[in-house]
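Down below are the structures I want you to see.
Heads up, the next two complexes both have chain A, just with different partners, chain B and then chain C.
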Partner chain A sequence: MKLHAEDLEDLALGSVFLATGGGGDPYVPLLLTREVLKRTGPVELLQPSDIPDDAFLAAIGNVGAPTVSLELLPSDDEALIALEAFEKQMGRTLDAVISFEIGGGNSLIPIMAAASRGIPVVDGDGMGRALPEAQMMTYAIRNIPSTPALACDYAKNVTLFTTKGTDVYERHIRALAMSSGGMITTVEHGMFGKTLRDALIPGTVSFALKLGTFLRENRGQAPALLAPLQALFADSIYGECHLLHTGKVVDKSTRIVGGFDVGNTVIEAFDQAGAPVEIDIKNEYLMARRGDQILASVPDLIIIVDYETSEPINAERLRYGQRVAVFAVGCPAFYRTEAALDVVSPRNFGFDVDYVPLEALPN
Partner chain B sequence: MKLHAEDLEDLALGSVFLATGGGGDPYVPLLLTREVLKRTGPVELLQPSDIPDDAFLAAIGNVGAPTVSLELLPSDDEALIALEAFEKQMGRTLDAVISFEIGGGNSLIPIMAAASRGIPVVDGDGMGRALPEAQMMTYAIRNIPSTPALACDYAKNVTLFTTKGTDVYERHIRALAMSSGGMITTVEHGMFGKTLRDALIPGTVSFALKLGTFLRENRGQAPALLAPLQALFADSIYGECHLLHTGKVVDKSTRIVGGFDVGNTVIEAFDQAGAPVEIDIKNEYLMARRGDQILASVPDLIIIVDYETSEPINAERLRYGQRVAVFAVGCPAFYRTEAALDVVSPRNFGFDVDYVPLEALPN
Partner chain C sequence: MRIGIDVGGTHTDAVIMDGNHVVTSTKVLTSADVMEGVANALDTVLSNSGLPTDQIQSVMIGTTQFTNAIVERRQLAKTGVFRLCLPSGRGLPPMVDWPDDIADAVGRHAYTLHGGYLYDGWPVADLDMDEIDRAIADAKSKGLKNFAVSSAFSPMNAAPEELVAKRLRAAIPDAHITCSQSFGRLGLMERENAAILNATLLQFADSVVSAFLSALRLRHLTCPVFISQNDGTLMNADFVRAFPALTFASGPTNSLRGAMLLTGLDDAIVVDIGGTTSDIGVLQAGFPRESNSVIKVGGVRTNFRMPDIQAIGLGGGSLVTNDGNTLGPQSVGHKLTSEGLVFGGSTLTATDIIVASGREEIGDPGAVAHLSETLVETARQKMLTILDRGIDMMKPGAVQMPVILVGGGAVLVTGDLKAAARVHRPEHAGVANAIGAAIAQVGGESEKIVSYQAIAREDAIAELTKEAEARAKDSGAQDDSLRVVDIEETEVPYMGQETMRVRVKVIGDLAFKPAGTSA
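Then we have the complex of A and B:
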């Protein structure tokens, strides 16, 4: 299967849904990637089962505060500069690249990089959604070393990290992102095919494309889309899909704290019946609550969409007064394992509660 | 000339005087360097005129907030790890190393590195004192590229920077220092002998040793040392030496801001006659004022010493109640040039005044 320039808009749309508010705004990455693909032709979407054992791969994407992605605009060459500098450091060429996370701009950066470099991109990613920190990636959870890793900022300054653990690596790239204006592109987790196949969330690029196509072809009020969305997710690695709430954004506030967008949003029901739903944000939508009742929490996916069109809305574009619907989708099974919940449970984000799967919550 | 383990205590003492409050606490670096020299034997102190044109050199030292140097303790191998990683990156071995700054711990780190690596250390440095930021080094002012530069933190994580300007480099290493606990060791400004000879402040290691020996042999009340210190400095690249004030520390406050120690101290005259002297701090003592009257300012050197022993006191060890004397010493001529004052005048530290040489001020 190949990804063509014409596929990218649907892919971006589906990816923003899976991004759960984060992953960075896809608009400029979409324009850039489309231009690159028009020049290079389509990119091969490599199925995980087709990755040779000894293929050398790495993960690529942007790191930073998503709000910055609206103003600090990438070019079409940071990804390639970072890839080539990474290859030089490793002393070998890459056979393919893979996403950190299937979400927003970060679903497109690897495609742009792959096209520029003339190599395939893997149909899968390291999160099955977007999550804010490097140690939350499947690659890190599977103990694949994150470094040597290469970072390129938007002024093309290049930094190479060699750290002993992904938690330290995360702290260092976050600091670099902040000192570079808020956003950098990194290439990390150099790994062989055999290792990667065991560590990725499979099929998420093609699923995001399918989801985006569905959303484009079925533009309409969110409640009407619940049943077909449930069918779509039931037939995927995600499973559950619930409609948590509909209403109007009456409060939205985030600040950049430690290089992340941190804050929350409050969504009042259209008829103002019952308590409003509050959603906590750290780059991504992390937890949805009505009063004291948790409706859904990380690592399950929480998605805010425009009520009328069902177009997903990233946190950096969420505004007071928007009429929205809130969906929740089950996370891939990988993230319900103990090893994964050690780093992505609500407690890892400062909430004093354990993770309860979406389908076991009253929502 | 060789530097022996027995020289280091005097060298540290003289360096803290020239450090003008900054450069990091020398205590642990002194112990470590002495142990290394006992193992390796003395280190050759290479005179600038003896550096071959084609010798390959680099500057090495610690970067961070000096307060951290009291608690985040270095080991004897970060410097060597950083040197060797730097050599590997550059694809060539170093013929000698040189200090960033002659001051506090940073006058000892290059000696420890040189001894561990079995190469000489240059009798000179890149500041002739200590200053807080990388772009304030003579090497940077002479447009020697600061990168590729190698940083090693105290957990031995290694980061390689390739940036387009020293101002960006400074921002990035500062961010890394902060995200590494407040202090890192860096190797930077890879350069050839011919270039370095034109860019260094010469003779500062041997002068610091001479000054330290003088201070040890002439322990006593500060005012009594003024005349011999004036003679010592008159016969050096520094020239002027003034006694600005004597009194008691009645206030001292610094906070870590952006990876620097930032604050001030107030020193009341023993007889409480006249306004107290206030000294602004950004890692180093930057400006001494009595009321509205500036007594001395960066890039000239401001030194606070113990009143009874004349032992210099770094800013991180300055405390309420200490009885002190404040000296000022003229900076090397290099720092009175326009190119240098472009980056080290009081205005570069946020003071709304031009630099006036020490000897032209009423002090």
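Then we have the complex of A and C:
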């Protein structure tokens, strides 16, 4: 399967759905990736089962603050230079690249990089959604070292990281992003095909494309989309898809704490019957509750869409008065393992509860 | 006394105002030659009022001509774009996401050069004078006269843009230049687009302003002339010659401001109901609430300060289904007066429903006597529901707010709106736009990213206020009337504690010259 320039808009739409409110606006990455693909032609989407055991791969994406990079326009140069520096450091060429996260703009950066470098991109990612920190990536959970990692900034300055652990690496790349105008491109988690296959959320790139195409072609009221969406998710790595609630946003407040957008939103049923649904936000939608009853929680996906069009709404765009529907989607099985829940359970986000899978909750 | 004129796509309105009192008003059709309509409107209000022209202290004009030129791709000059941002941004050259027809109309003459700054003041790259001069020589050889100049973080450091503008002017003395820093806000692509749209209109702006001035001079109106801009404040005529793009959203803004004057309400929802849509806006402290999202003009993303307007598909000409359950968004539009049932046509419209309900008498009520009571009541409730939802989406919070109805379709609203604390239907609502233009004030704003660890918050705000005040005075504000109306602080994520994007907006009264003195 090949990804064409014309596929990218649908892919971006699907990636916003899977971003569960986070991931940033994919507009600039979409524009850039489309320009590159117009020049290079389509990119091969490598199926995980087709990756040879000895293939050499690495994850690539952008790290930084979208607000600041409004002035510092990205280019495909950064990705290409980071890839070449990584190959030089490791003493071998990359056979394919892979995404950090399918949710939001970072779903597109690896495609752009693969196109520039003339190599395939893997159909899969390291989150299956969007999550705020590097140690929450499947690659980190599988103990694949994040470094040596190479970062390239706007001026083609290249920085090598060799750190003791992913948490230190996360701190260091944030610091570099700040001193490089707010945004850098990094290549990290060098690994072989054999290792990757076990540390990957497979099929998410093609799924995001399929989902985006579905949403575009079936633009309409959210409840009517439930059955076909359930069929779509049942046939994917995710599985469950529930419609938790429909109603109107009657409150939304977030503020920036420690570099994250933290707060909550309250959604009242249209007929005002029953208690409203409250959703906690930390960059992403993390937990949906009705009164004391949890309806869904991280790492399962919570998605807020426009009631009339079913278009996903990012947390920064959510505001009072919007008529919305709330969906929940079961996370991939990987994130329900003990090793994963050690870093992505509700407790890791400051909630005093354990994770209960979506389908085991009354919703 | 002031004259307010609003040049819209369909109608040109004019009013004479004595303070906050409407002396006389008129509404004429906008002619193909826009100035003819303006002249008609002016002559009508002047003769109706019987006032000698030396009693008029100023004339305020709101016009959609520049928006329409962009939307219709008319009157656009070929424009060279100089952007200083290399080595960043090579992958996204100027106009990369523009619709083809407008990119072609403006020409695709882009020069991407080294320079610009990061958020913290560090240079992206040093300027390369040879590179700049080569680009200017190329533009000159192509015969370009219009230029837009942009550079990374120019709202914080505009030196690179100013340098390029100076060299352009030296090489091409009759150049028309717009620097992106004039459009303040952060977001290089959107700010640059604003500068290009502005630059491409400069000759047209010059001819429009000259035509306005000569129409006024012909009537011996020698008082100062102002044109209203997007945020409900005014600019003087010479300023418009340099910044025509700042008028892009003056229509809806003037409508909101006019509604404020007519009701005396500073905080309200304003619903302007036309033939096809209802435009819902919000007055906050007497000014339109501005939109947070990216505004597209003629398909081009820009960073203009524009009012937050929600357009919903309900107007006097909206089509109604036979069961009354669906209204709009399809509409007979301006053909209402020939196609609506009460006007002898054969299409069931929202206006017919209101006439059938006995709440308004328009056209021939006999033509809708056959409509069933159930249909009429279902459709009428549906209209209120649609408006209620639209209003609810625009309210800043769960509190009820007063709603002001303006525009020809205001008759559609009969009875109360659930979302409204109270519904106001002011007199003269039909010329709210011209009234809004007539009462406009003068504003200025300034924006920067600052670290409150490097500079104390009060000092940062004081500095920005000074800059905003200087801009307001440049636009014609009276020094002692200036006041800060908005301080917006947005924390910049990931950039460490207390890094803020701060924006200060000030407004003030016009520095009036006494009646009878010349401008």
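Keep this in mind: the second predicted complex is superposed on the first by the 330 of 363 C-alpha atoms of A that agree within 3 Å, B and C clash if a C-alpha of one lies under 4 Å from a C-alpha of the other, contacts with A are read in each partner's own complex, and residues count from 1 in each chain.
The rule is short, and it goes like this: a contact is a pair of C-beta atoms (placed from the backbone, for glycine too) under 8 Å apart; a residue touches a chain by one contact, two chains touch by 3 or more.
Computed from a predicted structure; not experimentally measured.
Undergrad: Once chain A of both complexes is superposed, is A:L70 in touch with chain B (first), chain C (second), both, or neither?
TA: A:L70 sits against chain C, while chain B stays out of touch.
Undergrad: Scan A:V36 for contacts with chain B and chain C and give back first, second, both or neither.
TA: Touch partner of A:V36: chain C, not chain B.
Undergrad: Regarding the shared-chain residue A:R171, is it in contact with chain B (first), chain C (second), both, or neither?
TA: first
Undergrad: Looking at A:V158, would you say it contacts chain B, chain C, both, or neither? Reply first, second, both or neither.
TA: After superposing on A, A:V158 lies in contact with chain B but is clear of chain C.
Undergrad: Which partner chains sit in contact with A:A269 here, chain B, chain C, both or neither? Use first/second/both/neither.
TA: After superposing on A, A:A269 lies clear of both chain B and chain C.
Undergrad: State whether A:L341 touches chain B only (first), chain C only (second), both chains, or neither.
TA: After superposition on chain A, A:L341 lies in contact with neither partner.
Undergrad: Which residues would you name on chain A as touching chain B in one complex and chain C in the other?
TA: Common interface on chain A, chain B vs chain C: 155-156, 174, 178.
Undergrad: Would you tell me which residues of chain A are touching chain C in their complex?
TA: My answer: residues 28, 31-32, 35-36, 64-68, 70-77, 154-156, 174, 177-178, 181-182, 248, 250-251, 255-256, 259-261, 317, 320-323.
Undergrad: How about chain C: which of its residues touch chain A in the complex?
TA: Its residues touching chain A are 85, 87-92, 96-97, 116, 118-120, 122, 124-125, 152-153, 186-189, 293, 389, 392-398, 449, 490-496, 501.
Undergrad: Which residues, counting only chain B, touch chain A once they are in their complex?
TA: The touching residues are 155-164, 168, 171-172, 174-176, 178-180.
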